[in-house]
Each structure stands twice: as C-alpha cells, then as structure tokens.
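Take a look at the structures listed below.
Two complexes follow with subunit A in common, the first pairing it with subunit B and the second with subunit C.
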Partner chain A sequence: MATVNARTFDTQSKAPGLIGLFVVLALAPLLAANAFHYDLMIKICLTAMVAVGLNLLVGYAGQVSLGHAAFYAGGAYASALLTQNYQLAPLPAMLLAAVGVGAMAWLVGRPILHLKGHYLSMATLGLGVIAAIVINNEDQITGGPDGLAVAPLSVFGHELSVFGSYEWFGVAITGTQLWYLIAAGGLFLAVWLALNLIDSPLGRALRALHGSEIAAQVAGVDTAKYKLRVFVISAVYASVAGSLYAHYSGFITPDAASFGHSIELITIVVLGGMASTYGVILGAAILMLIPQFLTGFQELEMVLFGAILMAVMIFMPRGLVPTIARRFQKEAA
Partner chain B sequence: MSTLLSVKNLSKEFGGVHAVEDLSFEVEKGRIHSIIGPNGAGKTTLFNLITGLYQPSAGSVHLNGRSLADHKPHELAPLGMCRTFQNLQICMNMNALENVMLGRHRHLGQGTLASLLKLPALRRADRDCRQQCAELMAFVGCGQYLNHHASAMPYGALKRLEIARALASEPDILLLDEPAAGLNRTETDALREVIRKIADKGITVVLVEHDMKLVMSISDQVLVLCYGRQLADGSPDQIRANPDVIDAYLGSRKPEEEATA
Partner chain C sequence: MFSEFFQFSFSGITLGAIYALVALGFTLIYNASHVINFAQGEFLMIGGMGTVVLMDAGAPIYLAIPGAIVMAGIAGVLLHKLAIAPAKNADVVTLIIITIGASIFLRGLAQIFWGKDYHVLPAFSDTESLSVGGAVLLTQSLWILGIAALLVTALGLFFTRTALGKALLATSMNKDAASLVGIKTGAILTLAFGIAALLGAVAGVIVAPITFTAYDIGIMLGLKGFIAAAIGGLGSSTGAILGGLLLGLAEAYTAGYISSDYKDAVPFVLILAILFFLPNGLLGSRAVERV
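After this line comes the complex of A and B, so read on.
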C-alpha cells in the first residue's frame, strides 16, 4: 500500500489566527482615548470570553443554553461572597466559584442531556429565571436589587485595582490599562484553550454530535456524556468571566443574571457565527458597541437585539464571519 | 470456524407489524455473510437491532458469546462491531479525514484537561491517528479526497468514506448496509475489491445488498429474508437454486400456469 503523508494535510494551523488575535488585542489600546474606552474594551473581552465558551456548546455540540447569564452571575456572586464573607483570596475564590458553577451545570445537565431534542434550552431557561429570582430576593446574602460591592482582585497580596496606578520595570500604567491586559490576556487564553479543545479527539467527537449523532454513536461516542462535558466547560468559561467582571467593576447587580443577558450572549454567538471562535469575538464587539450609539434610546436595545437575531437567521444563518469567509473563498476559487 | 455473531429468535414489532420475526442465524468468524431480500424484508431493521439502535421485541443477539441486550449503540464499537448506513451518516461539518478520525475515537485519549491544554502525548497520538486514517482512506480508494470537506465529496466517495470510518475503529465485525446502492458498475467492481481486502484482513463482514451480482460473487454465505422471516440460508449456489427464493424474487407461478407448463 502506498504510504500517505498525512502531515501535509494537517488541519489548519492555529498559529496565524492566534497571532492575528494577539495583534488586534495589542493594538486595540491605540484606539482608546480615555478610561471609558478602556472600560468598553474590557467589557468586550470579558463578554467575548463567555461567548467563546458558549460557542463550544452551541456551535460545536449543537445544544442551546438560554441561561448562561446564570453561570456568569454565579461566578460573579460566588467570587464576591467568598472573598467578602469567607476572607478567601480572589484567585482561590474564583477557582472555587468555577468548580461550584461547573457542579451546578453538571447537576442540571445530567438528567436533561440524556433526552433527545432541545430540552436543554428549556432547562437552562428555567435555571436562568430561578437564578435571577434568587439573587433579587435573597437580599440578606446577595444585596438584592441594590447589588453587592466586590473587593478588588489581588494576586499574592498585590492588589490590582482599577483605581490604582502601577509601575513595572519602569513602565507606568493605570489600573484601567492593567485591567485591559488582564481581560485581553483572559480572552487570549480562553481562545487558545477552545481551539485546542476543538482540534482534539474530544472536539472531534463534539463536532460529530452536530454533524451526525448516529455516526458519533457508532464510532463509540457516548453522546450524552459529551454533551454534558461541553455544557460544564461552557458554564465554567462563563463563571470565570463573571468572577473577573465582579473584581473589575467592584460592584455587581442582579442584571448579570437577567434573561436579557442570556439572550444577549446567544445573540452574540449567532451573529458572530456558530462554530467560529473568532466570529463570536467580533459578535461580542458589535453587540457591546451598539448600545453606545443608542444613548437616549436605551429602550430600543432589546428590540434591536431581536431584530439582529432575526435578520441573521434569515440572511446569513451561518453568522457573520463564516458567511463572509465563504464568500471570499468562492471569489478566490 | 467459530461463531462470531449469533442471532436467536429475534423479533421486532412496530405496532403490530412484524418487521423481523423469529429470526435465527449465525455468522462465522472471517467470512462474508450477505443478507438479501426484497424491499421491506427487514434487512435494515435487522442491522438496527444488532447495532443497538432498536431494542428487540424478543430474542437475543450475541457477539463473541456475549449478549448485546441493553447495550447502547456507543458501547458496540469497543466490543469490536462497527457499521455503515444505507442513507449516509457523514458529518458534513467536518473534512473527510476528520470523519475517518472520528472512527478511531475509542483508541484516543479524551481527557478534558489534556484536550484543553493539548498535552504532548495527546498531540502525538492524534498525529499517528491522522496518518493511519489517511492510509485507510487510500485503502478504501478515496485517498484523493484527503483534504476535501465532506460536503464537497461525491456520493460514491462518501460511501467509501463511511467504510474507512468504520474500519478506523478496528472492528472484528463490520456491517455494511447497501454499500453499492447508487454506485455505477465500475464503482461497484472497485467496492467488491475493497470488501474482499477487508475480509482478507480477517474482519468478518455482514453485507446487506441488493446488487445480486456483487452478493453472489463475494459471499461465503447468504441469508434470504422475506417479510421479516428467514427464507433460506446457505452458500450462493444453494441460494441460486432454492425455489422459495426464486418465488420471492420473481413471484410464484399460478396453479393454471403450472398445469400448462
């Protein structure tokens, strides 16, 4: 038999994409004229982190979560409460929050994901609504609608506050700039991990769930187990981003857990492009920037998100980036 | 010769319709065992029963002396059984090689952390897997589509791709559901060679097929089904000469015709 050199047919290298992302993240501060711009960029990075995780579930495993805000808020509130009430350092608190949120996702997903069909959307919808109600009403613990103050992030005793100013190796940066580095670094790490996962045997099994569940089963993939695994992974992504956001903003409100926030996250994934990691980052940027142009018309925000979701589903069901990429490929061919 | 797959008194009802009824047969190790029968005879239902996609109403299936009752479909690949589908089950969101690599799922590490961090051991195993699967694609004769996206491949190549994916799981027994359906004469001849080469590797093949020329030229044993029941089981020559089989396929003569004949 002729030997085939399969290495030349290696799946597309991840390096160009990651380098591109690095360059964009590194150059973005050039566009930032003031602290408000930095604030926006930090929020985009943290939201994109959640979206990259959610995309693993929606875009690759073909399952929809309508309650990812609950996991985000879970991470945020757990970090806030663990550092405040139990005097835990922020990093262990963040880790513990992620484990707790992962366990919650596992508990919800385990019975549901054995069923065929879109029961996960229903269950997560319920979970999201419950989480919002609990956070709003348990005001002795969560502060209720008034929100909760959160201690700034500290690493090995070094406080990293937005309001501080720092100097390392002779370079002076503001707290906001430092937080941009943290958020951008977090996003970069999130993307790297997600791309690794997608390219692994585990990722192949996940994509197969979307492609042909029967084919996956016949190849020996325990479909329920893999759906559960990616659901937990995506919840942990949301939790870590939530924890970071809590420490960054120093103040969290039940809005983080709202149904509207869950819908926003799903809209980002659908708009940017399901199964396109870089697409959802663009989706996050677009969706976070839109409200900036709507000052004075804030009540239109949800209407606009709904309209975007519908327009994308009708005109480019693959999402922004995959559709454009395909058009370029066609023109090149 | 020892028995690899044994089916005993297997039945499947769909709301009063007996798709498979009281069926018993054995497949011996290393042979090509074909299952034929008119449309609706229950061939695909039988495959779905054997591979756990359906649960039987009665009866049992044993693989290597081990009962397959209550086994879920994904538990069969580790037991050494794999199959292809009459209506293709290809992951159209993946490229050709990845589809084949999916078949090696059970041989690869699946740890969540190892996957997220892409640990060297996992990366090495995946590279070897890539190489093996590329060779399998060449083996079944679709090596030229190595780098193609599955959705850009012609039908005949996808049929072979499914066989390559099934082989990738290193099965002891391979169930092929109408692999020649939709193929032209040349493609079918090529397929015959592929099936022969698979059997030469020592893999037992169970073949559901309508192409009689293919079945009769390649099979060691042929099982004929009709309305879910066994009509005959024997060598191709025995089946060719069996009057019941001829009746089922060509229709029986009416009594008056027999009188005048």
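After this line comes the complex of A and C, so read on.
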C-alpha cells in the first residue's frame, strides 16, 4: 500500500528515475565504437521523444492515434521549408513549426476526439494517410517522393553539422557526438516535462478518463478539454522530434508521414509498456535495434520482425516494462 | 458525356464489390471477437498470389483458385488459434498490434517464398470486354459482381438457415449466453476468422486479372476495406456492403472527374466527413458505455 502511494502521489519519487535516465544517457556513448553506433543512438533518442509524447495520449489518456507520423512529418517539413524558403533560422523555425503543428492538432482534434474506440483509430489513421498522400503529391512544395534537403541546425549563426568537428573549452568532439548530446538532452527534457505533466492535475484527469470517461465526467472532469490538450501536447512532441530529425539527417522523405511510421510509433508505446514513460524509451530502443540484429538474415527480416511483435504482445500484453516490474513485485512480496 | 459516366460507374461498382467483400470479412471478425483485423488485406494477397504461384507450378486455373482460397482459409484459422485466442483479455490496442504483427509476418513469408514481383492473372472469360452505352465493360467486372453477389447471398443463407451460422450470430450477440446454451464459442470464433479469410481470398483472386497482385497489395486493400466497414457502421453487414459500394464509386468518380493523384485519399476524406456527422457510421448502432 505504502509503495503504491509513493508511486502515485509523491512528486519527489521522480528524482531516482530521472537520475537513472541521466546516467544511462551519459554512459551510452561508452558503448559507441563508431559513427554508425552514434547515428543509431541519436535516432533512438529522437524516436523515443515522439513515443514519450504519444504515450501521454495512448498510455495515460487511453486515446489511440494511428496517425501520429503526420505530426512528426509536419514538424520535419515545416522546419525544412521555413529555413529554406523563408530564410528563417532553424530554432525559430522549429518553434514556429511546433506552434503550427499544435494548432493543426487542436483544429482536427476538436471534432475527432469525440469519437470513441475503433472510430477514433480510424479517424486518426485517415488523417495520417491523407497527410502522407498530400506530401507525396504536392511535389512543387514538398519535393514529392524524392524528398527535400534540409539545412543543418545552427544556433545563433553557429552551424552544428553532423559532418563538422568542434572544440569547446579544450574538448574536441565530432559532429555526431555533438548531435548525440542534442538528442539525448532533448529526450531528457521530454521525459522531465512528461513526468511533471503526469503529476499535474492534467495527468490525474487523464488517468481518470482512461479508467472510465463517463465516470470522470460525472466526477466533474471536463474530459473533452483534457483530451484535446493532451492530443495537442503529444503532437507538439512529435513535431519537435521531427524538426530535430530533419536538421540532423539533412534530408526528409514522405516516409516520415507514412502509415508504416505511425504504426511503428504506436508499436513502440505498446511494446515498451503503456503508461510507462521509461518503458516506451526501452520500446524505442528495442524496435530500432531489432532490424540491426536481423540484418544478417536479410530475407527473413520481415518474418522475424512480425513474429517477435506477435510473440511479445501475446505473452506480455501489458508491454515489456510493466510486465517485468510486476514479476519483480510479486517475487518481492 | 454519358459514356464517360457509365465508364466511371462500371469501374466504381467493380471496385466497390471488392471493398464490400473485404469489409464483410472485417465485420464478421469484429462482430464475433471485437478485434479489428489489420491482417485482413493479407488474405487478398494470399488469394491472388497463391493462385499465381499454383498456376506457375502447373496447376490449371480451376484447381489453382480453390487451392489458394483454401490456403487463405488455413491462414485465417491459424491466425485465430495461434495469435488472437492466446491473447484473450488483451487491450484493444494490443490486439491491433498483434494483427499488424501477423500481417507483417504473412507479407514476409510471401516475400520469401513467392518473391517480390508483380503478377497479373488471366481474365476468367476469353472475351475481354463488351461495349455498353459507349463505355467499355470488362467481362471480369461481371465475374466480380456475380461472384460477390453469390457470396453475399450464400453468407446470408448461412446465417439464417444453418445451425452453425446461427451459432455464430449468437456468439456475436452475447458470447457468455451463447456458451451457456452449449455453443463452443472458441471454435465458432475460429470459424469466423476462417470465413473472413475465405471472403478476402475470393476478393483477391477475382480482382487480380484487373489490378496487379503482389506480396504487398494487402496494405491498401485492407485499409480501404476497414474504412468501408467503418462507413457502414462497424458490425453491420448491410452497412459493410453499402460502404464498400459507396467507397468504390466515390473513388472512381474522383479519379475520373477530379484528380487521379488524390484517388487514394478519397476513402480517408470520406470516412472523416462521415464520422464528423455520424460518429457511429451510417448504419452503426449507438454503443452505450456501462459504468
């Protein structure tokens, strides 16, 4: 009983988790032997960022989105176009992109969040696919299937390119290492914000409406308002991660908005463990690492990936981290 | 002017019949188990590709088609037995991910054993097309409409005239009550997956002479079938058929009169518009949540 209370209500309990995350992120470079490893770690961090935001919507509020790649691509393309066509500096562009994507999410969220269950899945799926089709077809703006080149990130006129090498205070680091710092820092910030949100009145309202939307309404929770708010927040998470990825990779294609990408994101959340912020980070790491281990099997990659996905969901329907945590608690008890 | 309209209508109804069959499969599984089966499109792939492969192996078309359909049926039964049934009390999203995993798995298998090439089946009749009102009517379209109508009638008779069909209906309506009166609901659910797979496979075979077939055709066709089912209101068979036809016509008219680039966006725009006004689809029942 005491542990449950500490988990749910003691805001101090965030510190150990955050320190743990910090240590893992700080030590991870020790495992990186080359630029390829760094590249993988950067992608894991950026994907985990999206997943942490999506988890707020799916894991905590219980609202399924099968179209979140649209917001990710929205951030990525907005950053690319604003820096290229309007000569905006990357940081203001990223901010403007996030505001724009947030506003879009607010506009579309108002009507569709009234829908329940499979109809909501259907509507978000539809929005995602429409976004992908528009990006593919409007090639005069978006470059179509060929994609778009993106300028490297720069802060106050200092270019932070993956290909550069930098020296600060006598410490020399490569562009990839610098980008790992950016991505890991971004992820840490994302987690910190999410944990605070979960502990806020918004977080409590979301958990209430996950339990039962009608019961929450009866208890005086304005469920429509809170659902919309968390939808916008999760969209902004995706947008910022998308902008960062665009500047990091220097190139974006409509794949960012594809149905497959949306599915990848929701899979990460469910795989790692819904309503477990650290779980979805693990989910992101696992989902991005599986293909690396399967490259030796080439032809078998798809089959094995599908089989692993099914097996994990059948035997651990609550996701990896919650299932394992439960097992430990049972043993301890 | 009118010949153009006829032309678009022919292709719309043909496509619509295919979507209707996919949507019926969705509806069947949804009613029986409340699972949205994202692997439904793969049954079309197995139907089309299976026929191609069996014909390449030397089987005549009248053996290759039933062979492929049986293959899909087995895949459907296995999907329920091995992936859905063991995950009994899983969350809705978890079940969605399981069926997505299954669809990736099936697609992967097809890619390994059947290759990545696009194939086209020969049309079922020697005369390829007729001229009706100045428009070209493919004889294959007539096959598609005829077979679809036959299947829908057979399915209707199955549900109203046979004990097995009634048992399936009873299980869909109330699983606990059905098992109380002695219906083996587990086996019935497996049956629902098997029938849905058969419907999908037939759709996949009869459309293959018009469109192409390949290991990855299941994704789009499956999604559109899902939309057709949702347009009609998930769980309504009549709705699924109406939804399928509506979708096919809307797609054909958009491709013909507006823009073929945005043809694939039509189903998604349509479903958003419909859900905006009718949150439970055209013929869906209002769900009441018990607290």
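Some notes on this structure:
Please note the rule applied: the second predicted complex is superposed on the first by the 301 of 333 C-alpha atoms of A that agree within 3 Å, B and C clash if a C-alpha of one lies under 4 Å from a C-alpha of the other, contacts with A are read in each partner's own complex, and residues count from 1 in each chain.
One rule holds in what follows: a contact is a pair of C-beta atoms (placed from the backbone, for glycine too) under 8 Å apart; a residue touches a chain by one contact, two chains touch by 3 or more.
All values reported here derive from a predicted model rather than from experimental measurement.
Between subunit B and subunit C, it is C that contacts the larger number of residues in subunit A. By the touch criterion defined above, A:203 lies against subunit B but remains apart from subunit C after alignment on the C-alpha atoms of chain A. Contact with both subunit B and subunit C is seen for A:215 once the two complexes are overlaid on the shared chain. After overlaying the two complexes on the shared chain, residue contacts for A:193 are found with subunit B alone; subunit C is out of touch.
Contact with subunit C, but none with subunit B, is seen for A:58 once the two complexes are overlaid on the shared chain.
Applying the stated contact rule after C-alpha superposition, one finds that A:300 touches subunit C and leaves subunit B untouched. Of the two partner chains placed around the shared chain by superposition, subunit B is the only one that A:233 touches, whereas subunit C remains out of contact. After overlaying the two complexes on the shared chain, residue contacts for A:182 are found with neither subunit B nor subunit C.
The intersection of subunit A residues touching subunit B with those touching subunit C, taken from the two complexes, comprises 212, 214-215, 218. Subunit A meets subunit C in the complex at residues 58, 64, 66, 111-112, 114-119, 121-123, 125-127, 129-130, 133-134, 137, 212-215, 218, 259, 263, 266-267, 270-271, 274, 299-310, 313-314, 317. Residues 30, 36, 83, 86-87, 89-94, 96-98, 100-109, 111-112, 219, 223, 226-227, 230, 234, 261-262, 264-265, 267-269, 271-272, 275-276, 279-281, 287, 289, 291 of subunit C are the ones that touch subunit A when the two sit in their complex.
Across the complex, subunit A is touched by residues 51, 53, 72-78, 82-83, 85, 89-95, 97-99, 101-106, 108-112, 114-118, 122, 125-127, 129-131, 133-135, 137-139, 143, 146-147, 165-166, 168-169 of subunit B. Interface residues of subunit A facing subunit B in the complex, by the touch rule stated above, are 1-7, 9-11, 193, 196-197, 199-205, 207-208, 210-212, 214-223, 229, 233, 275.
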